[in-house]
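Here come two complexes built around subunit A, the first alongside subunit B, the second alongside subunit C.
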Partner chain A sequence: MLTFKLALKNLLGAGMRTWLNVAVLSLAYIVIIFYNGLIDGWNQQARHDSILWEYGQGQLWHQSYDPYDPFTLQEAHGTLPQSADSKALIPILITQGSIYPQGRMQSVQLKGIPPHQQLLALPTHSLDNTTHVMPALIGKRMANTTKLRKGDQVLIRWRDKNGTFDAREIVITEIFDSDVSSIDNGQVWLPLQGLQEMTGLQEQATLWVAGGGYQPTSLEHWKFQSQDALLANLDAVIQSKKASGFIIYTLLLGIALLAIFDTQVLSIFRRQKEIGTYMALGMTRLQVVGLFTLEGGANSLLATVVGSLYGVPLLLYLANTGFAMPAASDNYGLTIAERIYPVYSVGLILGTIALVVIAATLVSFLPSRKIAKMNPTLALKGKVQ
Partner chain B sequence: MKYILFFLISTFWFQGEYPDANQILEKVDQNMTAKNQVYQSKMVIHGRRSARVITSKGWTEGDDKALTEYLSPAREEGTKMLKLEDQLWIYSPSSDRTILISGHMLRQSVMGSDLSYEDMMEDRKLTELYDAEVVGEETVDGRNTWVLALEAKVEDVSYQSRKIWIDQERFVPLKEELYAKSGQLLKKTTMKNVEKIEGRWFPKTVIYKDMLKEGEGTEFTLTEVKFDQDIPDYIFSKAALKR
Partner chain C sequence: MEKNKIISIEHLTKRFPVGKGEFTALKDINLEFRKGEFAGLVGPSGSGKTTMLNIIGSLDSPSEGKAMVLGRSIADLSHQEAAALRNRHIGFIFQEYHLLPVYTVYENVEFSLLLQGMEASKRKKAVMEALEWVDLTDKVDSKPAKLSGGESQRVAIARAMVKRPEILLADEPSANLDAKNAHNILQLMKKLNQELETTFIFSTHDEKVMQYLDRIISLEDGKVVKDEKMKVEF
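So, the complex of A and B:
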């Protein structure tokens, strides 16, 4: 306890030098916690939204279906075997087509979904329209690119199962707002039965979305994609973002640790008489090394306190108001909300404190080892060793 | 009196009768189809703001062999397209690669025009795909034409129905409309500059228009055409693409 008090007294006695080190170190704290909290918040929101709007509890894909290869859509459809537990599944039929807003042609995916489904958050009830024009649902991104609004009528063209062209008007009955761009960009949602009749693919689907309670079984021509498998791409993006963030805060932490290291080297050089006095008063070399290491390490403890003073209110404010993402950042196929609310877990906070304290103690110990080799008499005289 | 009545009835009867549509289509085929063709062409693609001009040289033999080499503009120069039965190969000189166009890629537009690769690939005879019927007579650009309505009789056709206006004297199509299953007009083709070339009537300009898109369509003009030439076999081989 005496050593700790002495270390703290020495540290505070160093004045501005200490506070500069503490300021940089506390900033490193805040940046590490904020960045990781932001990524964790994005991860949580994206997983939640993807499950809610697109993936459900998993998907059953036709064996020919490859979401990254639109050419597979021609063959990727079929009926589900009788043995499948279809009560916990909703079918989606996907085909390629073109839409002609204001006389411009744009390739789209036409997706058929049952209007009465409640498994996904898509407002498909708006497809339950009995007017003579086929009702259609599009997302806000699609509405922006096609300049379509609710109530607009637009022509679509597609091919039936035999490759024969067909075309008809659709009416936009709803424009949904979702953070999941992969159900929005270049897509038009239609009533399943309508699309099946349009394409001549009665009773057929490209994929089935599973709800709670679905037990995957082996089905001929169909392959089950678990929720984890569907979220694997998102996980990979999150991991790569964490890795790039690691580089940024390693640099910041490195600067802070370098400052502590320099301070330690300077202290040992300038305080040789003090070191000699400690030894003359009966402290062992290891105790003096411990004292100087503690002094350096205490920078991180002070940084924790200072960081808490301004960091806790700042991080809590950001957690409540969220962090606005740049416009159109979700147009690249990633699920990103307009505002991300950082999530700071206990593990993240304790882990960050442990990382900084251990790193600061280590860089304080390295120069302090020199004390163990000092001659106490020469040190007392203040001679350079 | 009864002779007069018989004359009037038979006159009206025969005026209401049209020639057999299949015979008309066969005459069109005889007129338009040669053993082979060698031509130079100019394709004007009208965009929203400007028009692009692409010139090319082509060789065709029957319905299932064709080679097109693009001559200009500079960025398309040297690009070649080879059609061999139901396969379409494209050679790009910039990458020195030959790729096979298949599946949905065939539905893409050719060089941004109103023509799809699939339109270029169509080589089955209309009489094999459609039930044809003459439904009337109309005047197109001052020429009397038979109006033929074609309805698909097989399932795997791109267009469910067509309407073709055929010059009654020259047996050259002057206009064609392509319809979707719903009856929506999808494409319109207009043939102009009909000239007698080597004893056959032939339209030198064809204007393709995608009726669902805005714009003036794509104008395809034959600047030079020769029929029944000696075309070496290697022209229609993949090896010729890289020459």
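So, the complex of A and C:
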């Protein structure tokens, strides 16, 4: 405790240099917490949106279905066995097709969904067939790439279950706005029954989305994907974004630590007489090593205080107003909102403080070890090399 | 008589490695100091005065021979034991004052007592008393950079004396001071020597200091060439 008080006093006594080190270190704090908070916030929003718009409480997939291989769609459909708890499930049928906006062909996935479903946030009620034409629902990204607008008619082509091509006009009855791009890019949502008739796959579906209360049981030809399993991929991709930020803030933290290290080396050299005096007054060498280590380490405590003075308001402001993500990320097929609201967990904050304190103490300890080998008489004369 | 002998040095030799060889700074020294002495090591620069004080103060240790200080053999002390000896029983005063720059006068004087773990109320009393001895109670909150040379050395005296050490080692304490301040601190130390019975050992080649000494030990080239009492003991 004594040494700690002395350390803090020495550090504050060093003036300008201390405040420079503290400024850089506190900046490293803010960047680390902000960046990780941003990613965590993104992850939370993306999980929430993905559950709301796509995954529900899990999905029951036809055994042949592989979302990364469109060729499996030819086989991946069937009816559910009687034993299935189908009340808590909504069916989705997926088939490959093409769309011809302004006469240009674009390949799409046609997805059939019951118009009256309430499980997913998709505004499927607009698929309620009141006219003779086939109503269709597309997302804002799809609308953008195809230049289709609400009310437009467009030609689609698909193969039925026998592989025969067929074509018809559909009408865009709604354009939905969702942050989940994987239900939007290259997809056209149709009434389930309509798509079943078009393909001749009556009563069949590619997958079923589970609502609350669904009890997964083992079913022949179907495999259940839990919500966590479906989200695992998203989590992994978003967490991997943390790695790229790591480089930036490690660099920043590295600069701050280097500055502390440098200050330590210099101050141990310049303050030899002081070190000799401490020993003459009865401090042991280890106490002096401890004093200088604490002195350097205390930079991190000052940085915590200074960082929270300007960092807390700044970080809270950003958490409230959100942070606009560059639109480019949108095109990678990742679920991402236009504004991300950073989330700062207790673990993130405590972890960052621990990281900075330990790192600063360590870089202060390394040069301070030299004191343990100092001869007090030479130190008093200022003649230690 | 034997009881009052607080320092005894027998056949002490100190060598320093210099380049590939060695330099002998002290050669076969035999000396004794008794409680309450006001003695000085006198000699030209390089004669070994500082080396002698450093060994008595346990900052350094003999190459050969024996240095017994307050019943402890300096050569046999561990780092911790030597530090504890200095903290409680030996005060140092240096030519360059060596005040701790970021601490106030009060904190400089308090330092040894803090290290000892003395309780706050006792500490405060001792610090204020020491500052009264040196007449600096009006400078408690000043930083060393604001003090004159004479004031700095008085703070150093207070810092060394606050723990009421048995031995006070003063290495050329007047070298950076003008005549007036030199006399001032010598009178001060003489007074403390008489009031507290602290043994003072100086290193000096300053005539002004010598006139206060009860005993002058002359060193030349690391050897004691003369050891004379200046006053009849009473």
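Criterion: the second predicted complex is superposed on the first by the 381 of 385 C-alpha atoms of A that agree within 3 Å, B and C clash if a C-alpha of one lies under 4 Å from a C-alpha of the other, contacts with A are read in each partner's own complex, and residues count from 1 in each chain.
One rule holds in what follows: contacts are C-beta pairs under 8 Å (C-beta built on N, C-alpha and C of every residue); 3 or more make two chains touch, one makes a residue touch a chain.
Not measured: the values here are computed from a predicted model.
After superposition on subunit A, the partners subunit B and subunit C are accommodated together without colliding.
In the superposition on chain A, contact is made by A:102 with subunit B only, not with subunit C. By the touch criterion defined above, A:160 lies against subunit B but remains apart from subunit C after alignment on the C-alpha atoms of chain A.
Contacts of A:74 after superposition on the shared chain: subunit B is touched, whereas subunit C is not.
Once the two complexes are overlaid on the shared chain, A:346 sits clear of subunit B and of subunit C alike. Computed from Cα centres after superposition, the angle at subunit A between subunit B and subunit C reads 150 degrees (steps of 10).
Contact with subunit C, but none with subunit B, is seen for A:276 once the two complexes are overlaid on the shared chain.
Subunit B and subunit C never share a C-alpha pair closer than 74 Å once the two structures are laid over each other. Put simply, subunit A uses no single residue to touch subunit B in one complex and subunit C in the other.
Looking at the complex, you find that subunit A touches subunit B at residues 70-71, 73-74, 96, 98, 100, 102-105, 155, 157, 159-160, 162-168.
Looking at the complex, you find that subunit C touches subunit A at residues 50, 54, 57, 59-60, 79-80, 83-88, 92, 94, 96, 98, 100-103, 107, 111-112, 114-116, 159. Contacts from subunit A toward subunit C in the complex involve residues 2, 9-10, 12-14, 273-274, 276-287, 375-377, 380.
Partner subunit A is touched in their complex by these residues of subunit B: 103-105, 107, 152, 155-160, 178, 180-182, 184, 186, 210, 212-215.
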